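Take a look at the structures below.
After this come two complexes, each holding chain A, first together with chain B and then together with chain C.
The block that comes next holds the complex of A and B.
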């Protein structure tokens, strides 16, 4: 279903709809943010499975000591490509998919600001992925020096490395375009009255993530370009023999790499901050502090890259600086964890699956943060660098962090997504869906046959451009309704209070209208 | 909002593209920046002669210096004339390495020193070394090259042996 934002464009949108291409062409030519969001999510799922197959092969090899099923060289390719595929193919596109779905809805925008560029930034991905995965087939096999592509190994490696470099270029271009689109949408297309500090937290986290992306993806592109010229055009940026310095690659890479880890986690922070209030039936605790914490995490993430390099032989002063800067970032992270717990405190919690993922996220992500703090201690890190401890740290934050949040989001938004993303085979059991329809009926009754899903989403995370008690009642109603929670006794009253404002908002062109006669 | 803000979208797009280009350039700018930092802090001054302040000879200690020579994928011959020497801290000493370009083409190489134990490096002061510059060889040229050094008397008492190890790398681009 296409999104029809404003009365005066509604007619056009309907005309377009009439001769939309169908079948596969619909997906190739689509400029609809929900379609593109769906494509991103499916792409991410496929990459997740591909990366998962590599991981399973790794674990099969490690089932017993000694060599079992793969060559050592191929094993190294497996870990390298597992990392690259999961980071650039699974986590990042999934986050962009959720942004495509939710950001325009949450801020009341008709679509993404650059709808055609949106299409393009998605369709670059399958090409990059094919390039990356097909590098297994070239002479010498896929890149095998780790996802970090450290020189000098990557300078000496075979052709698979060139494939990887080009794939990284394309993936980077896609991310940059996506980020520009998201920033422009958020800054220029908000509904009137939605000030920045009224935006749902998910929108905030994505705004900041997008800024991180345009700041550091070009740096990565630069780093791999330098690798490419070192490999093929006789330069010696990272080649000690020619006067270059391999350690410099690490500096450039981690200048990208550390902000990159926050690129992978911030959207998940936003998701968890959306799920928790809904299932706790309370507004998010400390909205403003959440925004500031996210901002300070982003800024700090630029000055602590060398905590990945404690063993390269840095002067003690450098080690102390990067150690302290790293520990500093635990403060805003701690603020967030505190706020999430405080959001649940004295709430009327229910434990549907998305909430389970969110609570699991809080506990396990915190463990990931603690292991990170341990690694931040320079003398300890010198023992732990390049051990499984680091692998454990980042799987806590990436799997139990980012991924849990994505699973939670997919389930929490099933009402929204079901029709467009999940085939019927995946639809939720009736029990789960029931409260939706009951509440939807209530709203329909009150709103003379009109319901708006965007209001539901806004309501969820606070930001309806209304004031005081009205916005509270909408929020209460929306929270219960949106997440299929069992309604409070007062929910109908709350809805009743909210309706005049819904109607005003709808007249003001704020609200996407959806006739619910057919439901 | 009455019209789609197409114009302001374009303006923002242009601004964000500038950020992208600047950051792409920043990646490259990190190289001179990094080299500058290394110069200023002296982090990478392996190719400069060390300054020796105190040449007081500490005859109460003898340090065993083991000399090691390696080639990184070069078909050359490279060896120290004497594999082991013994020096007192503070004493000026000289050792000789011999290098031969066994190929039929002129080649250029750069030797990179390293020390074992690593922390001994800062007490091993080289006044003259073939590793300070690139070394060019005509086909089949054989040459003897010296290292003049002083072991700083401040060398921690538990270090009795220092391994001085050189690795020759070919400087590519000078291949012709």
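The block that comes next holds the complex of A and C.
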């Protein structure tokens, strides 16, 4: 037991002698998951503003009928780029940013599994974004065929489309690398004792999201590559005159596109499932069913893509199948909403800003769910497809859904930073996870995994023993102490009893996989 | 934007707000008022559209019930289970029975939605035994109606004046929803529409009929409707198809059987009369006058009314070496389109769309308009000779 602080000091002494780039090089060369998470969040913020400017221009033009400030072609570019920027530039990177920040902390990993690849997958993004946005400046303007890039309209388009295609390639590569990193981290770097069914729900949703990303981003890359060869190399994948089929593009695109929708919302489910219990002072209701619901949503998301294509024309059997598969999604999604409501039920609620965002999320996301149910009904969809109804539906899901959750998470995260509960990436550049000096590395690692459901746990006395007896020794030390408040002695005792092997892991290297006989 | 428009926009907003208030009060008392409600689907005039309307109403009310159920629970706990009221948190975190119940019940609700929806899907798909067939082809940016049973066809173009679009005039009642020649069908007859496209994907949508079918280049899809009531029904292209996507409305005029027969007769005579003799020698001024119309209907979207094109996208005709050069080269470009690197460009081949006379007229027009003064006329026979 007494060797824990000793090793800790030795570890840091070594660390402090290493070279740490400063200034801009610190951010360019960083492999610290929190630094990279911060970069992702800043990038996402900038892109959010960029996409927002496009949206404002769209709304200004639409303020009254007739042409006011932009031409129709430029208007189409605005809607197209608004979609691409918000999806690939704002929502997805924000989710990866939160994953970078929280996943290693929540599962007790020293850093992401591939720290350097993590750096690379972030630094691809600014280049892709530059490519995408600079397409406004090329002859013919930016892509104007909608974010779905349907052929043959996109085959007809100017050079801006090629910029978009390459930007999508780069963004896809970045997402795939990020996803591989997250999966590897979650599956291999969990602290001993952190079994899959003990993982915080945010980690679960990201694990599933990452699998979806790996499954579908290559499909999108394939679709836009076929588009590229149709445009420049004389192929006819999407040209009926050459034996191709324009509808095939839509099938390939939506096979990516529908899971993509869940890629954007699942991390938010995880965030809300983290915020709600914290401010309800009550364990998350139905943890296991939440995990199963997330899994079912992910699996179902692969077999309902053609509900985006009901008006394209398909056999009645196809329409009925895709209608039913789509309606089935409502079951696990409903389970989630019910679980959230049940989590609040008989809690002890307070309404700090993250909680307000979480409640807003549930309320408005459910609106998105209801409109989704209406759209699932094939005959009704025939009327509503390609109208503002669909636009409203997915903005309920993406703005009031994903974005609200991210705002909530950001505020909760910021709150923890302000209170010195979480280690601060800004003040402590490190090559590896840099827990706050007042925390034992091992405590920090263990803590976030064990008592994840309490975002502001240090202020709350004794919440959430969801994982049963295993957390008792930690709780005996007091949540306040465990999160680095005051008085470490109790924590040391508790730790030594609970997880003696963490001593080695505290060095910041990979955690040895032990068979956890002591548990 | 001028002052009149601001005023009319304000009136419009006031009118809509009035509608909404009226509708809200109506909604409270009755669910069966269709007409003129701008917040719901259009008043159906076919059985399919009526089924869709009812399905939507049914599902929406189901959602409202679920919504009220779920959120009254949530708002009750927001109200009653607050820390500020001193409520102590319970510590329960699962209940298998409850979880099974709230998985099974939604499933059953969905079954009750899926059955009527499936019936409607099957009805929509049954395009068999039509009374008549019309082929609809979407082009950038107009619709082409081909009456296959009677052998005539025509193009339907937007008629909303440019001045209205650019806010120089007050907008008409059917702003952007008016065309020169609507599709005309008889009431009470089953009309099968074969839908395809000539360039990119469009979508033929008439909300009152409950028909929306994408028009896919190279493939023919079908749909059908039986309009119960004579009238004029308006829709829009519903699939983003480029720059003028918002300017290619669909207007269908449903006539009584007698009126339809008269219209059909007139249309047949007109189409017989309009077949031009390609060997006729025209007066250049007549050619220019006709060419101006052809240009306005087919060329103006890209090359612009000024003949200046759009720099970087569509070349100018005004001062163009092709238009001011040998006639033959220009005829061939208009006939066959421009192919660059083996790929067709936005300059499509017009040989199947326009007659020899139309092509001769439009070429003559371009050669004698704006800054072009070739003083040359192209006769239909020259075009005919260049068709290969």
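Rule of thumb we're sticking to: the second predicted complex is superposed on the first by the 400 of 519 C-alpha atoms of A that agree within 3 Å, B and C clash if a C-alpha of one lies under 4 Å from a C-alpha of the other, contacts with A are read in each partner's own complex, and residues count from 1 in each chain.
The rule is simple: contacts are C-beta pairs under 8 Å (C-beta built on N, C-alpha and C of every residue); 3 or more make two chains touch, one makes a residue touch a chain.
Every value quoted in this text rests on a predicted model; they were computed, and no experiment measured them.
Engineer: With everything superposed onto chain A, say whether chain B and chain C fit together or clash.
Structural biologist: Aligned on chain A, chain B and chain C clash with each other.
Engineer: Quick check for you: in the superposed arrangement, does A:316 touch first (chain B), second (chain C), both or neither?
Structural biologist: second
Engineer: Just to be sure I read the superposition right, which of the two partners does A:356 touch: chain B = first, chain C = second, or both, or neither?
Structural biologist: The answer is neither, since A:356 touches no partner chain.
Engineer: Figure out whether A:46 sits in contact with chain B (first) or chain C (second), or with both, or with neither.
Structural biologist: The answer is neither, since A:46 touches no partner chain.
Engineer: Which partner chains sit in contact with A:237 here, chain B, chain C, both or neither? Use first/second/both/neither.
Structural biologist: first
Engineer: So, A:245: does it touch chain B (first), chain C (second), both, or neither?
Structural biologist: both
Engineer: In this superposed model, does chain C or chain B come into contact with more residues of chain A?
Structural biologist: C
Engineer: Who does A:70 touch here: chain B (first), chain C (second), both, or neither?
Structural biologist: In the superposed model, A:70 contacts neither chain B nor chain C.
Engineer: If we overlay the two complexes on their shared chain A, which of chain B and chain C does A:114 touch? Say first, second, both or neither.
Structural biologist: first
Engineer: Touch check for A:58: first (chain B), second (chain C), both, or neither?
Structural biologist: Touch status of A:58: no partner.
Engineer: Quick one: is A:303 in contact with chain B, with chain C, with both, or with neither? Answer first, second, both or neither.
Structural biologist: After superposition on chain A, A:303 lies in contact with neither partner.
Engineer: Clash with chain B: which of chain C's stretches 184-192, 202-210 or 256-264?
Structural biologist: 184-192
Engineer: Which parts of chain A are in contact with chain B and also with chain C?
Structural biologist: 234, 239-241, 245, 313, 315
Engineer: Of all residues in chain A, which touch chain C in the complex?
Structural biologist: Interface residues on chain A, with respect to chain C: 64-68, 71-73, 76, 139-140, 144-146, 150, 152-153, 156, 158, 231, 234, 239-241, 245-247, 280-289, 311-313, 315-316, 319-320, 323-324, 327-328, 330-331, 334-335, 337-339, 341-342, 344-350, 359, 362-363, 366, 370, 373-374, 377-380, 382-383, 385-387, 463, 465-466.
Engineer: Sort out for me which residues of chain C touch chain A in the complex.
Structural biologist: For chain C paired with chain A, touching residues are 1, 5, 9, 41, 48-49, 51-52, 55-56, 59-60, 63, 66-67, 70-71, 73-74, 77-78, 81-84, 87-95, 98-99, 102-103, 106-107, 110, 113-114, 117-118, 120-122, 124-125, 164-167, 171, 175-176, 199-201, 203, 205, 207, 210-214, 216-219, 221, 238-247, 312-313, 341-343, 346.
Engineer: Over in the complex, which chain B residues touch chain A? Could you list them?
Structural biologist: Contact set of chain B toward chain A: 1, 4-5, 8-9, 12-13, 16-17, 19-21, 23-28, 30-31, 34, 38, 41, 43-44, 72, 109-110, 112, 118, 169-173.
Engineer: Which positions of chain A touch chain B when the two form their complex?
Structural biologist: It comes out as residues 6, 110, 113-114, 176, 179-180, 183-184, 187-189, 191-192, 214-223, 225-226, 234, 236-237, 239-243, 245, 248, 251-252, 255-256, 313, 315, 509.
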